[in-house]
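Below, chain A partners chain B and then partners chain C, in two separate complexes.
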Partner chain A sequence: MKRLTWFLSALLMLSMLLASCAPAATPTAAPAEPTAAPTQAPQEEPTKAPEVQPTKELSAAEIAAALPRKETLYFNGQQWGPVVCWNPYSSSCNNAMAISQGDNARVTMFETPYLYNMLDGKQYPLLADGPWSWNDAMTEITFKIKPAARWSDGTPVTAEDVAYTWYAHVKYNTSTGASNKDYIEAIEAVDPQTVVIKAKLDADGKAVNPLIVAAYVSSNYVLQKAWTQKLEERTGGDPAKFLTDPAEDVVYSGPYHKFYTDETKVVLVRDDNYWGKDPSMWGKLPAPKYLAHVIFKDNAAGTTALKAGEVDVSQQFNSNVQDLWLKDGLPISTYLPEPPYNIGASLPTAFYNLRSYGLDQVAVRKAIAIAVDYDTIVANAMTNQSATFKQVPRSLMNPTPGEQALYDREAVKSLQWEGNDIEGAKKLLDEAGIVDTDGDGWREYNGKKLQYVATCPNGWSDWQAAIEVVAAAGKKIGIDITTNYPEWSVYQTVVTNWPLPETGYDIFMMWSAGAGPTMPWGRIRNLLSSEFAETTNNWTGNWGGYKNPEVDELIKKIPTMTDQEEIKKAYTRLVEIYLTDVPSFTLMYRPQSFHTVYEGVWTNFPHQGDGTNPPVPPLNLTDGWSIAGLYNLKLVNP
Partner chain B sequence: MIHTLRQVFRSGKFVTGFVIFVSLLLIVLIYPLLVPDDPLAIIGLGTFFPPGIYVNVYDSVNVSPYTLNLPDATTKRIADKLGPKERQDMKEFLLAAGIPEEEIDIEDTAKLLDLWEKNYDPNKNIEGMTLAKMRYYQRLNNSLKGLLATEGLIVALPNAQTGQLEQVKVIEQSDYANINEVPNVRVLPLGTDNFGRDVLTELVKAAGVSLQIGFVAGLIATLIGLVLGLLAGYLGGMVDDIIMFFTNLLIVIPSFVLLILISFSIGQDKRGAITIATVIGFTSWVWTARAVRAQVLSLRNRDHVNLSRLSGHSTVYIILNDILPYIMSYVVMALILQISSGILAEAGLSILGLGPRTTEVPTLGLMMNWAMIYQAHVLGKWWAYLPVLVTIALITFSMNLMNTGLDQVFNPALRE
Partner chain C sequence: MSKSYLRYFLNKLAWLLVTAVFAFILNFTLPRLMPGDPVAAITARIAQGMSNTTGMKEVYERYAEQFGTNKPIHEQFLIYMKNILQGNFGTSFSQYPRPVADIIRASIVWTIALQFPAIIVGWIIGNALGAMAAYLKKGFDKVLMPISIFVSNFPAFGMAIILMVIFAVNLKWFPTSGGYGYNLIPNFSWEFIWSVIVHYQLPFWSIVLIIIGGQAIGMRSMSIYELNADYVKYARFLGIKDRVIVRYVFRNAMLPQITGLALSIGTMVSGALVAEIVFSYPGLGYTMLNGVMGQDYPLISAVTLIITIMTLIANFLIEILYGIIDPRIKAAQAEEQGG
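Now for the complex of A and B:
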């Protein structure tokens, strides 16, 4: 009996040991040990093994389980679900803390030549040395690489790396390659420090789109040539394998890298040899040693953690955020002290499926749009975390002063609407002959009842509430609108692949582009350009299938315009068309990122009037120029 | 019949349950007559207004005031803005600003405010002070403005021609408005929800809809269970085998899982309240069927049934006249249980987001769902979810009480 107990307990310990090896396979710090442990263990005395082994192997996991609070900056609202891979070429790694390319690229682990600052619209050098410049014909961009820039393996970052990254993007048709190759001819290294980006030229010898070429330098990572070649060798030139490689061995240039991940959290750790401590860049290391992101189930769980002081930087919608300091007295604040609390940058928009019955009629589209009570959406759905349409009249621009100045507000004033205009909407429909002919309370168009489903993904609370308000507006003007909330996994496949189903997606919500170097042109193109209409795998915009040759023409011309007056005229015309045709309508203004910070541990976060120059934007201290904020952080109680 | 009813109403448990249930039912029926508002009308611009009496500020300025000289009015007014905590916080700031401690007297309001006014600078950067704290002091400073003023507030209107402000009236600090004279007063006993809807009006409507759902679901489930149970029990043989095969099959599958799957596949655009009720009904009849069958099995060989059969009565006649009356009490009890579990099932489904589509009618489950989506439980907005929970609990509790009461009357084993 005693022997049996001993045997059983030994077996139990052995199995615990084996089980404990599983997560330890991920940390890069101990690559050799996990394979050694199982073979070793049986030879040793089983009682001894569990005591010695786990302390050695689980170090990363154990540290991650109880990170030193004063060295860790906690996030929420960025990472949903576990990390899949660390491959910066892939767009399906679900690795929000490390990989996110775009207008405000996330530069924690990988770096871009320049950092975009949404507050002043400028690009500041990171890997690059000094500003970039066009040649006289505006066909080539030239910039230099900082001599101090180093990869994590100690080798210098060179112009070759920039050129080869582009080469790989095109060769393997990554999303970066696909979306830029119509505008960029080639990226070449003139010498080890000098990069030249050659724009694609049109028939007249001018750059097809200089805006996109210029945006490339702050939106896309530079990746190491040597590592990329290693990856190519490993995957044998197969694009599918190239893009799905987990890339645990990736070489990076940024200040942070992988420390630990599992289903519950992601932890990045600072690289104390980071090149950026060179005086030519930051001159020091970022303050937090660890960047940690606990993976929460939903917004409510994230808010609870924020209230408990377990989250320092919250990138999620916290409803009634002001209650956190007004009612609960917590040391929590947002970028602005008063509503809308953040700087609006994108325009969450309700798209009409223009193939739905009756929605091809401008009168129906405009009637629904002017009947919607936007004040309720702003106050109730967004809990005032959006500017109202009284403050910022609708257009294609986001509420930042820079973009608002780009169109003539007065010229389109007569087309504006502030919403909740039930009588106006009814009149519009009556005049168009769309009336209730059979007396059931609902209007008919050519004898068929107008009946729509308004939809957005389930669980996206602010959008859901907004869609409810849209449906309520329909009821008031005699158009039967009901709501439906499919799961995001279903929703995204339906919405991004034309044709939309006949029912269920008549009015649906999607986002618009936020702030970036190509804005507002890029946003307008996404919303209105026919190049995205009726396409599949469309993650860009114009999901309702709107086509207008005049709009296409303007969108094509604007990037090559240089005269400010001409540009303003073109933008004003676009806004005019948008407000006349109403192919979609903005429901609220939304910040680029929500930026709510907890000051129980760290302080000196970016906020309005914080005196930083250039100003640090409220983008969670990870995106674009906002990473400068990581160097300003201080401990509340050092 | 009268005797049975008298017996039933002698059971304390039944009567308690019955009274609760009937009062709920009466509220559901009478309240809409008193408050005829649309239960889904969005009245509040903002989320989760707390319960209370809302007096129109514009109107109360316009009613003719009464002067009341209440001794502690000023004290209360000051205490509202400047409580012990605020005084302590002000002291902390003044200390940090370099004022010696002996000069700060937090009890003397006038002196404290004077000191504050002289030393507070919103742009002053005090070492180690967080942004949250700085903003707190800015808000505090704003709320203190004019705190000690004794003169009234001036109401002014812009002149239509010149655009200059012209004094309309002065509101003295001792002016009071009688709430009965203010034309616009709205009582929101349970505040508003995340959409700015009156929670009480919505709750009453929702309770009604949920009861409807419960009744429909309960009736369908009981009816199916009763018919199948009667047929299986009385006819026996092949019919019994087939019916029991399906019943047993459904028993093994948890009915809530089945409910989730069916609701999901129907799609939200087609899920009305009655559709959901029907689905609930069609997934919860199995236990009734089995129980009825067991009862019928024991009944069908009784002498009076055999006699009836010998007299040449048809099967339907025998089932209706010789069997059904004997299990009626059981069926009524089963129905009550089915109704209450139907209400719970709807609530469960709606919390998962699989309930009836919104925008048409509120249900108890949908109210819970939205309260949770908007984090009422995290933010401490109890009025958005607690009354809903209490209502659900009251309905099911009253029905279960009635059921237990009936059981005590009809079940000989439990009779005292």
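Now for the complex of A and C:
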């Protein structure tokens, strides 16, 4: 009996404990931050969280208990946490399936006037009608809006919307506004269909940077003026509120919109009234009714789901991807059937801190760079999902044919290295008089031992593997390189704010820009332009502090050049300088997006040589011109 | 309530308040002592594709202003305290501009639904097994003990991955990831409820198995200690029945186990991190990990505050209960009163 009392009292205590949780948790249900928008509906039923309410517009009949497999295209690798908002003016909605502006803008829900195709470097009209054109002085771009283009509320998309979107970007200093306002003076509507983009002019009356102006039309969404004004009204002109509004009521022009989100997934549903079924655009609706993305906690979980046929389009690094079809015999494939499996687009790069002792010496920088065993990096860190430097010799260009054609390979051939050249590196150092004078096995420069730390963020396993190879190269040529991996939160604060610390960040890894309409110019500018050298809040590039007036001059001139030969000459000279001075060096080629597809349910995905014209790029059927792929999909068993 | 008990109660209550105040201050300060700058991380996300350094400076300063990270720390503390008293945990940095309250609300139910039953089930089974091992000895103990030691020392991620490989990948009895079917939208249907139950099993057992092992070992040694105590020998000597003795023994052996239970319930909000990661199961643990990685001060402070409060209350309730039920503490009270 007493024992029973004991258990009962224990139970009672437990229930008291539980009850005591309640007051502690209650404040969380209180209205949050004053900045949160008034429209954000308080979530009902906080105690029944797994059953988070589906989107309210849906009628009961529409709420599908299960997404039919044959109507749903599943993704992974794009969304790594719960969706925060649907506000296309904000850059922090963490809403990868719907909002991602940039060189290859994601056009599932919102649309850009043009679609960039990284395979041929062209911009194809989407909301726009026909190609855009420069005026003779190259100071203004004009384009028309398609008469068929409609918003989700049925009203036409007009030039006025394009102009007002820009106005709002500038007024509220969004990232689009902040990054373009130095190059774009104004965007105006001449008539309801005609848009004019006026470039900012320099002292000579020429556009400051025509490349960035031209890239605007395929990188930034057109948003509805009426909705933007509604948003402004309810946020009272406060930029912080404007940018943090969750915008559940946003009006869009794209083929998909919100269906359901919670902590575990995001689902978009097709708008069957989408204007793009007009013959002037696609002439039909995209094949999948739903685009769904389960939120996986890491790559391993995503790969497991891909193997199980629960993911159709995998935009994540799947280690040893070829095993999926060679060993497991699964209907899985990549854009290219053989290594490197994907089209490389960006160049993950090791930067030298040019203030570190001895790293101001070209001989030291070049010696380390040519001693690194890049084949090992490609094989281990990337499991061969990168082209080797034998296949694509190093320059400043990514491996796409368009960029490779922009420089004269023969002219710089003697400067390009494939790596693992230990003897060459030793010779270089010996000739520069950087030798081991005290016999401890390590070389000295002016009597001081060369000792460096190579680093990248902790947990970025492919980068860490690459950095280990760099350190190993140092040891082989008598330079003491150790590795260190700080957390990303610390790392990013340090490398983006000059000056770099005296130790710990001598050789560090960062990214470079991928494929886009301003490339390779934009990438080269980021890597080499002195405008970023020794600055704070630098998220762009040249973190090592490289300065070269000739490079700056060329970077300034290229956007205004029109003669192809002249452009090629300028790029060749830049490559020559880069490979001579070695302020940083590319470690591998990385695709713009990983693109692995499962063909158990859907088929006809973009593959190299699939006969599409223009070719559909392997960007997950959501980014830029690759969305054309959604219209080509077919069911394996209809 | 006796006078001595009231004194005991007030004494414990005073300590509770003092601890709460210090914990509150630490909750605020400790995350902010980490190296690095969270606003830089937000700027990084927003500045993607931006190549205009003045623009980025503006963005950075705007957020520093908004989050108040540019203010002196004591001022930040006052603002924080004011907000907390109004039940406002602020805006998350890592999931900006989502309110912290919203993040916690969305994940805490998953965490509690996974952890609470796991802790209770693991605790009950573990203690029962431990007690049986102590009492029955011989074969049962010889089998149970090594297994318990083996299982309880298993790293949690190892247990989760083994369960996943055996039951999800190879046997395909259970799904590999998620809180419910990858193709489902939450609704009140058998299909959905069944899916939740099926998805629940592996994360649940990966936690329960480890708890069972630990509890069994603890309970076994406590029981053996009590079984050999003088009062048991004395009781046996007096010819008191085994059944009665066993009741005394387990009542005493149970006390530390109850404390352990209360503490694990107090800290369960921090989540079953490993199970959440391995099975991509929703919950607060992973959110919290991301918060720590992204130096999400408001989120870290809010979650640790909840943990602190729950642990303190659990402790307090136990001490109050002990004051009533544990004769040793009663005796101490009486001594204090006498002295």
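Assume the second predicted complex is superposed on the first by the 572 of 638 C-alpha atoms of A that agree within 3 Å, B and C clash if a C-alpha of one lies under 4 Å from a C-alpha of the other, contacts with A are read in each partner's own complex, and residues count from 1 in each chain.
Keep in mind that, in the parts below, a residue touches a chain if its C-beta (ideal position, glycine included) is under 8 Å from a C-beta of that chain, and two chains touch if they have at least 3 such contacts.
Just so it is clear, the model here is predicted, and its values are computed rather than measured.
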* To do: Mind telling me which of the two, chain B or chain C, contacts the most residues of chain A?
  => C
* Please work out whether A:Thr304 is in contact with chain B alone, chain C alone, both, or neither, and reply first, second, both or neither. => both
* State whether A:Asp323 touches chain B only (first), chain C only (second), both chains, or neither. => first
* Asked: First (chain B), second (chain C), both or neither: which does A:Val636 touch?
  -> first
* Kindly classify A:Ser280 by the partners it touches after superposition: chain B alone (first), chain C alone (second), both, or neither? => neither
* To do: Answer with first, second, both or neither: which of chain B and chain C does A:Asn446 touch in the superposed model?
  => neither
* Asked: Taking the superposition as given, does A:Val294 touch the first partner, chain B, the second, chain C, both, or neither?
  -> second
* Asked: Given the touch rule stated above, what does A:Asp262 touch, chain B (first), chain C (second), both, or neither?
  -> second
* Classify the contacts of A:Asp103 with the two partner chains as first (chain B alone), second (chain C alone), both, or neither. => second
* Set intersection of chain A contacts, chain C complex versus chain B complex -> 304
* Asked: Okay, in this complex, where on chain A does chain B touch?
  -> 299-300, 303-304, 307, 319-320, 323, 325-327, 330-333, 337, 373, 375-376, 379-380, 383-384, 453, 458-459, 461, 464-465, 468-469, 471-472, 475, 481-486, 503-504, 597, 599, 603-605, 607, 610, 636
* Footprint of chain A on chain C - complex, ascending -> 34-38, 40-60, 62, 66, 84, 86-91, 95-110, 112-113, 116, 120, 169, 176-189, 191-192, 196, 247, 250-251, 254, 258, 262, 265-266, 269, 276-280, 282, 286, 290, 293-295, 302, 305-306, 309-310, 313-314, 317-318, 321, 325
* To do: Enumerate the contact residues on chain B facing chain A in the complex.
  => 40, 42, 44-48, 128, 130-133, 135-136, 138-139, 194-196, 267-269, 353, 357-360, 372-375, 377-380
* In the complex formed with chain C, which residues of chain A make contact? -> 2-3, 6, 9-10, 13-14, 16-18, 20-21, 24-33, 35-36, 43, 46-52, 54, 63-67, 69, 72, 74, 81-82, 84-85, 90-92, 94, 101-103, 173, 175, 177-182, 219, 239-240, 243-244, 259-260, 262-265, 267, 292, 294-298, 301, 304-305, 308, 310, 487-490, 492-493, 496-497, 522, 525-526, 531-532, 535-540
